[in-house]
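Structure provided below as structure tokens; questions to follow.
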Amino acid sequence: MPAEAMKLIDDDRLFPANPVTRAIARRLYAEIRGLPLISPHGHTQAGWFARNEPFPDPAKLFVQPDHYIYRMLYSQGISLDDLEIGVDELKDPRRVWRIFAEHYYLFRGTPTRIWLDYAFHELFGLEERLSGATADLYFDVISERLRTPEFLPRALYERFRLEVLATTDSPLDSLADHQAIRQSDWKVRGAAPRILPTFRPDSVVDPDFAGFHENVAMLGQMTHENTSTWPDYLKALAVTRQRFKAQGCTATDHGHPTAHTAHLSADEAARLFEKIIAKRADAAQKELFRAQMLTEMARMSVEDGLVMQLHPGAFRNHNRQVYERYGRDVGADIPMATDYVRSLQPLLDLYGNEKNFTLILFTLDETTYSRELAPLAGHYPCLRLGPPWWFFDSPEGMLRFREQVTETAGFYNTVGFNDDTRAFLSIPARHDVARRMDCVWLARLVAEHRLDDDEAVEVARDLAYNLVKKAYRL
Amino acid sequence: MPAEAMKLIDDDRLFPANPVTRAIARRLYAEIRGLPLISPHGHTQAGWFARNEPFPDPAKLFVQPDHYIYRMLYSQGISLDDLEIGVDELKDPRRVWRIFAEHYYLFRGTPTRIWLDYAFHELFGLEERLSGATADLYFDVISERLRTPEFLPRALYERFRLEVLATTDSPLDSLADHQAIRQSDWKVRGAAPRILPTFRPDSVVDPDFAGFHENVAMLGQMTHENTSTWPDYLKALAVTRQRFKAQGCTATDHGHPTAHTAHLSADEAARLFEKIIAKRADAAQKELFRAQMLTEMARMSVEDGLVMQLHPGAFRNHNRQVYERYGRDVGADIPMATDYVRSLQPLLDLYGNEKNFTLILFTLDETTYSRELAPLAGHYPCLRLGPPWWFFDSPEGMLRFREQVTETAGFYNTVGFNDDTRAFLSIPARHDVARRMDCVWLARLVAEHRLDDDEAVEVARDLAYNLVKKAYRL
Amino acid sequence: MPAEAMKLIDDDRLFPANPVTRAIARRLYAEIRGLPLISPHGHTQAGWFARNEPFPDPAKLFVQPDHYIYRMLYSQGISLDDLEIGVDELKDPRRVWRIFAEHYYLFRGTPTRIWLDYAFHELFGLEERLSGATADLYFDVISERLRTPEFLPRALYERFRLEVLATTDSPLDSLADHQAIRQSDWKVRGAAPRILPTFRPDSVVDPDFAGFHENVAMLGQMTHENTSTWPDYLKALAVTRQRFKAQGCTATDHGHPTAHTAHLSADEAARLFEKIIAKRADAAQKELFRAQMLTEMARMSVEDGLVMQLHPGAFRNHNRQVYERYGRDVGADIPMATDYVRSLQPLLDLYGNEKNFTLILFTLDETTYSRELAPLAGHYPCLRLGPPWWFFDSPEGMLRFREQVTETAGFYNTVGFNDDTRAFLSIPARHDVARRMDCVWLARLVAEHRLDDDEAVEVARDLAYNLVKKAYRL
């Protein structure tokens, strides 16, 4: 049948072909599809909502910020220059869009395709599949809509029924945009919108982060602490966490190459910090410092109640030539095998049984689901498992997660979904996929008489809404 | 529909929703559901059957010995003290039971839930789901039944249709309970019951085992050998294996942190043993000693015909605070990535092609199924693969095992199921799950025209009954 | 129903039981089942086609060359001597065949069973299952057919509708057989048959390869270069690659213990080579040399356009006793955990973004699919992923590959199927399994409304035919 006769998205999408299971999945999904969205971990920009200006053209909106899209195009020989990656003002957005459209077939079978079709259909009313032939139609329709008030950031926030949207922010960020939102008269269903910062201190705790030493100095200036001494450096971090809390922040986020944690004495830590600051540390000492800082962050979380998130295991900027030309975060971060069991032991030894501590673990190494993460989270009271993330927020990735985690950690040591996206327009699509896949998993349990219907409904609601609020203390 | 209208367990539980495959699975299962149970590896206590005294209250029976249960409760913030873990006489078993019942929802989607519902329904006739509301009903019904003769250990053994039940025993155990059983007049279907010891020497071959030095000294006393010299230490072990064999033992069991084996010369081994006994060995030397001892045990197996079982890969007592307060085996053992290919080579180099040698391998690292274990077992005549074990004896875990192992090692390099449990009442449930999941796997092969019906029936019988008898030389 | 009533193979074999998905899979498969076979990577012998002599008896044809078969038999205690492995002229082929037939049940659930049944049925018209009872029938029928002209190598090549068949060849091979084929008057559908060599230099670049030093000397003789100096050694390799190209070769193939690559300066490399040639290199230096040679091979590929294939991760000849008695490639190679991310970085750092470079990666460690290989191939323009290979060319192995790779790398960073076989008669069966399983995967995407019908047909054709031609530059 011709592609033109297809709907771009189907009401039963992602549900299994088996009619018994599909019917159960459909019924469960009907119970949760209307629930508000909680987005506790992501990379949208508070400035969009502070300024509420129209999003620019389709290429700038969809292609430029989304490394899921252009990494695939790049892998097939399309140059990043032709896609105008890293360019502030696109010279020829329609040309970029056409290149993307002509290669849309590359995304067959990927979650990117699912998210995009959802946005194209649900937000822009497009019905024909994107291709070279429909590139201009798409460009024109999307461009036109983006100029309407219904497509301003705040309007979309409301249309998406977002209840909480967390951004990810450097300790060096003034949080002025967050403040501007809180001080504006914008109300969502009668209440202040909850666009909350997340404390992400990598740039001031990872000696290998570009500009680390300048960043630490800047942190000192901002907090009026002498961050070249260990106690004041720690104090500056604690003070900044308080500043984030004052803007509604409930969580920290840590992206380290490994999950190593350490438990140094105060003296050892101070000596190590001295070496780091004096730029006399070698690779092993830098790694030890990162490890110690995770433990320090955990200690501060025990004290101030910020939920801690850890996602180790990415080899950042693997492609040197691309990094040197286009910078960080352009799709060349590659996962590595990751250990949690030995690595987290020093931290857990200190804080693993603390009542007031939550540590949410993410992974880029799926082999740890059943071998390490579920057993750890199924024992330690502080541990919870973040959803399948980054490369793994696919339909199959979500099923692998539930299949390998539930048997040991159950549902209640997990924290619901997070979209982790820079692509604001993909947020509803991503939550939709997660909710559907959780229903698929639950439907299987029900169909195989392993869970009663009423329980499945309760779990579906918990996974879509309740667990995330509880875990992130929202 | 209200939970009260549900049956606690359904006749088609665990079978796939697809009607074609379900029908085949059902038919295969009908062929094997009546076969006797062989339990060649587990942690029940011979003393129960020697003394045949009633099991105590429901909390003592179900909650206290089952770290699957209380590790989940602990992970959600319930204190082990409230559950009276490690307490000899429970002060308030009903209160413990109520805490468990109120949190029964935590087990949704876990195998524990399946095993418990089976026991509640099949043994105690309970029909309503366990919850806070039904906690007292459960407590009362179970308590009452436990006082009847039908619930004495020997009666249950017969009711479960156990044909063999192996325990796991220290070389320092007198095996008096096993002897008492054999000398009693208890007959099962006209024959002596086969409750057999298994030789588990970790406590006298692992220098990191609590009390190792005292244990080795005690071994010397029991065998009248001077266990502070290498040759006599080995002799003491060989003699003790003979003592076990005399009580019906057919297998040894080895729980090591890694699968390392070594092939030292007699002189090197003697010098290493000297260091170990003199407490002058460092961590690497202790690991080397464990490695050498696996090879020594293999050698003795070649000589005395005891089947060798190895299950490496657990980081024992990961939670120091919990270990210091509650001791070993309280649910804080966590799997680690495990290598078999390099680690087993020294042992296989010596004994891998021996006719009279069987080494059954278990794993806590599922990535080794297709990468290492199936290729090894699909080549070496001495190797067989133990069933998915510990964290992986779940319905999905069993399917992952068959899916990843069968293609390379076939069915006949596996050894059927073992329940590995301390929870006696869960034994029938666990075998039931294993038998059903094997039928599910076979049904898929039949439905996809990869196996004929008559073959599937034969394989189902082999997996449920014949392979285990053959592998464990029963 | 009696086995005799079964067809040996069913038209719907391997398709899922669900009727909706099965119908889609069947429809997709109908579109591609008639496409010619491209076999770009395998281990058949050019001499068969050069000489076009009849294949010998069934045992010599099926059992002796196929380590998939005799490794399974060996694992169950059958001696390699009884199977006459390594014997040039079988003394009692009928006896070998009977042993195999009596143990055919061991292959239940394995891909070997699927391939064999296909060959037995499609090529020899056999309808009853192989077993002890039918052993002689099989032996007689197959023996008789092998004596007919229809079963000569060239006739089978045409019957299999092979369009390209690549062999795997040492740089020391004269390629006389390939030349003989090209110079013969054999035409396939009016054109010269494409039986192409592949450049596999392990024997002259891996210092641990048996006879390495003699091989390097021989390479010097064949190319008239002084291969005891670094520049001339490299030149000899480049010249030999040209010789292979002249015989139609389009690809190289590299089987290394790890994926390590290195980027040494010319001086460092020359000094290392000196050590290697002087037999003064230790294990680490040998590994570094292999690593450097992969980078050198990549450089030559950039220059001469030969597609590079890398398959690391096998522990070769794991069973010393068997190796010493029967030699290489007898089924005792065992996979190991393999890293790609750090290992390939030096090579990718140099050539990862080259337009004229294709590097096809294979793995024996499935954990790398989603964690390393798909993210790498989904970014670097030079990288493509080879199909699931060796132990993983099973129906489930193929689904695991598609499931874990597609979400990140899509379909178009993969290269279609290769059969990698020494067993010529299994080639159609292996391609048939691969085509069916790709249709199963695509059918699931269609049934779940994730891919339109017309797209699925296009992808199915690409996976079966177009991608392999493009990737291997055929």
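In order of appearance the chains are A, B and C, and numbering begins at 1 in each one.
The definition used in the following text is that contacts are C-beta pairs under 8 Å (C-beta built on N, C-alpha and C of every residue); 3 or more make two chains touch, one makes a residue touch a chain.
Fair warning: this is a prediction, and the values are worked out from it, not measured in the lab.
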Rigid-body rotation angle, chain C and chain B, from Cα fit (steps of 5°)
120
Same or different: at the chain A/chain B interface, is the fraction of residue numbers used by both copies above or below half?
different
Taking each chain's centre as the mean of its CA atoms, how far is chain A from chain B in angstrom?
40
Sites on chain C at which at least two other chains make contact
18, 337, 367
Within the complex, which stretch of chain B touches chain A?
1-3, 6, 9-10, 12-18, 71-72, 74-77, 105-111, 113-114, 129, 315, 318-322, 331-337, 364-367, 391-392, 394-397
Contacts from chain A onto chain B in the complex sit at residues 18, 20-21, 337, 339, 341-342, 345, 348-349, 352-353, 355, 367, 370-372, 374-381, 383, 402-404, 406-413, 444-445, 447-455, 458-459
